[in-house]
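Okay, structure first, notes after.
Chains: A, B, C and D, in written order; residue numbering restarts at 1 for each.
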């Protein structure tokens, strides 16, 4: 994955209002792979303190979209077709990390698995959720509209 | 559904930080049914203007949880086991409405369908997404911890 | 839905080897709707006697494909993109009936919900499973290859 | 995994009528892992020759159930709660192999991923589908009823 491609994805990510709200950072990126880390905020937590299902589903959606985009050589415009999350363990920790990996990079449809981990203050990762996401590539767009 | 039960669910909903962030309102409630309406905000929108998939998935999760709780005679504590959303039409509109209906109210597991509609300024509803959500009842808790 | 269209779908269904194995009958058909009924056979049953999950998933898949085809004015060739089944109640009965309804008839993707009922000897229907299925239309084919 | 446990799972598998119909063989087994191989038969094929979606979904269901059982130290009785399959590539080949791996072995719920490969005459494997399956452990049963 060349640097220009990475820069463009990072710029797109930087413009995302929901990722700004989440205080999200890109902590990994490669062809077909995208990783997002968010620190806990009040609106992300259940009363008992763990991350809620909405926040996890949001990270699944966004990380999968960027992983799909990272698997294409050119800027591409995707929409989420469907999204399936299995919540596996209580998401207890200070941060959430979503690690999204493309498992099928098709012409029309792209399928991504995003695993979401809760990370404790000591850095211990617990697999909170796994998922399968189907994206559809809509069409090629002008450079300033593409990935977002 | 008696008034005391409704009041308790509304109070629980009122305490939800993520629903406060969303500016969400409960616009319908009955035994096994829960409806949430949110006005559009910047962080909910894709660059092209429609609601994003994360916001829709969040409403699916929250509306399903409350629908599940509304189907039980007493306060209950649920966790989302898994969540599946199919995005059907672009969510173009000023508001999102999630209408969650319990389709199986089991002893351990509850299954809910939440349909999410985009509502135009003129009040026209478009089905943006449908879903299936599985909830697990964890155990009965003290009154002030239950539903949230 | 005109009679010629119905006849072609029935002929296609009649050629399906797996539906022959199941002893399946088409018990309802309309634009965007397809209903299949199967009598219980040994290989469909769990040791305790109810229909097994494999048989239910198979009926979901096949009924959804034909419902998708029935929503198109011309013969179309579909592949299943993804399939999600929630098993709701023990499938106790003598027959299974799958009722598949298109909920989104898109240009590229079609989304179908198929509800599967177990039917007792007295004709009582129990909702055994619900589902969401995404189909992709591949391309238009010559008449004898289309729907199958 | 001790030999007695393996023997009991193989015996249970041997009694399965649907696996007999499929001509299925157990080609791998370990704690939390179960692998099934089936040779192609007419009823498993689409007109164009690849394995159909029903057969793949059936293998996902059965392989996941046995993987779940293999993760428990004692005979256990499971029911499938929900099943989600993503079809990734045309299932072209002479055999299908389902490789099911437990990803969460919970007290009540077990979550399994089953990857299904089409195998060519030359032994080349193509990933045809991936899946997520949720199983619920019902209760402990008498030895002759357990796993089936």
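Keep this in mind: a residue touches a chain if its C-beta (ideal position, glycine included) is under 8 Å from a C-beta of that chain, and two chains touch if they have at least 3 such contacts.
Keep in mind it's a predicted model, so treat the numbers as computed, not measured.
Chain centre most remote from that of chain A: C (centre = mean of CA atoms). Of all residue numbers used where chain C meets chain D, over half belong to both copies. The two sides are thus made of the same residues. The interface with the greater number of C-beta contacts, when A-C is set against A-D, is A-D. Chain A and chain C have centres, each the mean of its CA atoms, that are 34 Å apart.
If you average the Cα atoms of chain C and of chain D, the two centres end up 22 Å apart. The centroid of the Cα atoms in chain A and the matching centroid in chain D are 30 Å apart. Counting partners per residue, chain B has 81-82, 84, 86, 132, 134 as the residues that reach two or more other chains. Listing the residues of chain A that touch chain C in their complex gives 81-82, 84, 108-109, 132, 134, 136. Taken together, the chain B residues at the contact with chain C in this complex read 84, 86, 88-89, 103-104, 111, 113, 127, 130, 132, 134. Note for the complex: chain C touches chain D at residues 15, 17-18, 20-21, 42-48, 52-55, 57-58, 60-62, 65, 79-87, 90, 145, 148.
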